[in-house]
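There's a structure below that I have some questions on.
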Amino acid sequence: MLSRLLTPKTVVHAHCDLPCGVYDPAQARIEAESIKMIIQKAGENSDPDFRTRAILIKEQRAELVKHHLWVLWTDYFKPPHFEKYPQLHTLFNEATKLAGATGTKGTMDAKAADDLLAKIDEIAEIFWETKKA
Amino acid sequence: MLSRLLTPKTVVHAHCDLPCGVYDPAQARIEAESIKMIIQKAGENSDPDFRTRAILIKEQRAELVKHHLWVLWTDYFKPPHFEKYPQLHTLFNEATKLAGATGTKGTMDAKAADDLLAKIDEIAEIFWETKKA
Amino acid sequence: MLSRLLTPKTVVHAHCDLPCGVYDPAQARIEAESIKMIIQKAGENSDPDFRTRAILIKEQRAELVKHHLWVLWTDYFKPPHFEKYPQLHTLFNEATKLAGATGTKGTMDAKAADDLLAKIDEIAEIFWETKKA
Amino acid sequence: MLSRLLTPKTVVHAHCDLPCGVYDPAQARIEAESIKMIIQKAGENSDPDFRTRAILIKEQRAELVKHHLWVLWTDYFKPPHFEKYPQLHTLFNEATKLAGATGTKGTMDAKAADDLLAKIDEIAEIFWETKKA
Amino acid sequence: MLSRLLTPKTVVHAHCDLPCGVYDPAQARIEAESIKMIIQKAGENSDPDFRTRAILIKEQRAELVKHHLWVLWTDYFKPPHFEKYPQLHTLFNEATKLAGATGTKGTMDAKAADDLLAKIDEIAEIFWETKKA
Amino acid sequence: MLSRLLTPKTVVHAHCDLPCGVYDPAQARIEAESIKMIIQKAGENSDPDFRTRAILIKEQRAELVKHHLWVLWTDYFKPPHFEKYPQLHTLFNEATKLAGATGTKGTMDAKAADDLLAKIDEIAEIFWETKKA
């Protein structure tokens, strides 16, 4: 899925609200990958101080996921996109919830990270379709 | 160059200093791409307020480039890497200087952004070689 | 409108993603009020340095508006709310766009601030209805 | 107390150091309310990871309380206010201490949050008196 | 010179709100020195983009001055200090005002930076007296 | 003591990337001193909530050490310095690693803080030599 996401594109995309016009769902995915690894590493380490660090760093990464997704939703996507992809609002709302307290912030369960990654990939697929259009 | 950077890899990489073990030079490149676009857009727009916004946003993006590169240099690369690639220290020092006041922060010249992108690509090439090793 | 917003409630509301369960659209409105005043003050002051400061501070305030609204949209509102108020997604998307580059970030026109304030008030009205429910 | 604070005013107030001239003690109170809820929720939840999250989020909220209060003390209040209300310096110093390590940052005792809220309300009362003057 | 500064008797001091117990007025002074140099460099440079950068960077440095001073006032100084040095509240209030919109934030006049530095030195003198006590 | 520190010959130095030309290794050392005290205080306190706070605050201080050192390495030191002090790249790389996950971030061992302080002092010595040159 990710290979599909990154392979055909030769330009990476970021965002600033000038706007520079450069966006890329990879920014959110990168942080979500990090969350997945943090959960895995915390599961393999019995030092309580390490777990504390894992929790606080995961918190920061999850906040970044939310931010990157919000930016795409508000700054990249335009009314015609929402008309063509009526599920887009719900997708973003669910994805950012999965990054928050009811998702990867609030748990050390790897499944939450997988769910978040899957949701980001759904968004990315639509994103790249709109770029091709 | 970038296609080479992104194509063979199917996992995007980020960083946190748990460390999660997830790194990717794309994070620096994304911000540098943004800088390039900001400079281009500022060149095409004669509104002085827009230029002010362009300068302040470019400042933030360039700071992020520096940060992402510093993270790679300190957190990802290890002594054996510096032994194998003796140019690595200088490369990172030059790249972060190119993102700073003597580079993309201090100018609206598109060449500075191109130089920065080229330097990031040099780093990325070494990075991916070490990942394959 | 605002008096309606603030009068019947005796508990102010904020947010953290514990979540603490404390939310309040006033946080977004406060920053939007600030934007309105910044635009007005910039219009009354011919010092170019003051204008530069006004632009950069307005940028920060507008980013806070976006953040506070995103938090409400993702963290406070739940699926049943979106079902009952189908316009909610669009309202939030429009409000955050009004705070961004195509709205109060990108202009010194007071109308943009007024539009943003009106949109926040629409959201606040729904918010308080759901609190009463 | 709060209803008195918020009822007669129809304009919410924020702050930026342009200055925009928009201030409101509610910003500090909102974060203090959040702290109170965090302490309560941590008391009702036996999951140690939740407690870790509660502590780190409380830390951030308390820092915001300090910041909002400092802003009022430095940016809103002027020498004539300090002359008319000689207790003002001590009030602010005590309130910010209550938000810090010797207060809500350093404890999970709900009383610290109540004391902080009471102190903020004392400040708010003076604030609104000066606005009416 | 540095060896003198860094030898065991002349430990430099910082702050965190654990609290770590490490404080030093030098942190505020360092940023104020920076402000002074920014103003000087802006005066010697006729490039309008450079001036924009100078204004935005000065804004950030001045905010840091305020923060470092607030921390000393709230976290280091205790009631007995305020009793012994009744001018302390006013000193801090004036110093932070000098760093704000009515001082170094709002002007490119070098005198504002000098006034700020002098005020910080007054605070520092008292600070070091209390450390000796 | 402070008067000695602050007299005109012993100007303290900071950094901004205008650049203002004001640098000082003391900024990194101050945060490292704080880390040392945090570790000591955590060792003397058996309250688990205090330890959580110590870990999260130490994390922030260590990040600041890294940042201040990176700034010196990129912004202050120039190619002739690296030629004259060929060990400089390695020194900075080791120092920032000592501040990170494999050093003071990842442990509560006081030795890590001492090692970090010693490394910063090595850098400071070279720094002040170059200032005299």
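Order of writing sets the labels: A, B, C, D, E and F. Residues in every chain begin at 1.
We adopt the following convention: a residue touches a chain if its C-beta (ideal position, glycine included) is under 8 Å from a C-beta of that chain, and two chains touch if they have at least 3 such contacts.
What you see is a predicted model; the values in this text were computed from it and never measured.
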Interface numbering overlap (same over half, different under half) for subunit B and subunit E: different
Remotest chain, subunit B as reference, centres from CA atoms: D
Rotational angle, Cα trace of subunit C fitted to subunit E, multiple of 5°: 125
Length of the line joining the C-alpha centres of subunit A and subunit F, rounded to whole Å: 34
Inter-chain centre distance, subunit B versus subunit D - centres from mean C-alpha coordinates, in Å: 40
Approximate Å spacing (C-alpha centroids) for the pair subunit B, subunit F: 24
Where subunit A touches two or more other chains, by residue: 17-18, 52-53, 56-57, 105
Pairwise chain contacts under the document criterion: A-B, A-C, A-D, A-F, B-C, B-E, B-F, C-D, C-E, D-E, D-F, E-F
Residues of subunit C that touch subunit B when the two form their complex: 51-52, 55-56, 59, 105-106, 108
Footprint of subunit C on subunit D - complex, ascending: 2-3, 6-7, 9-18, 20-22, 24, 26-27, 29-31, 33-34, 37-38, 41, 53-54, 57, 60-61
Subunit C residues touching subunit A - in the complex, by the definition given at the top: 17-19, 63, 66, 70, 73-75, 77, 82, 89-90, 93, 96-97, 100-101, 105
Contact set on subunit D toward subunit A in their complex: 49-50, 52-53, 56-57
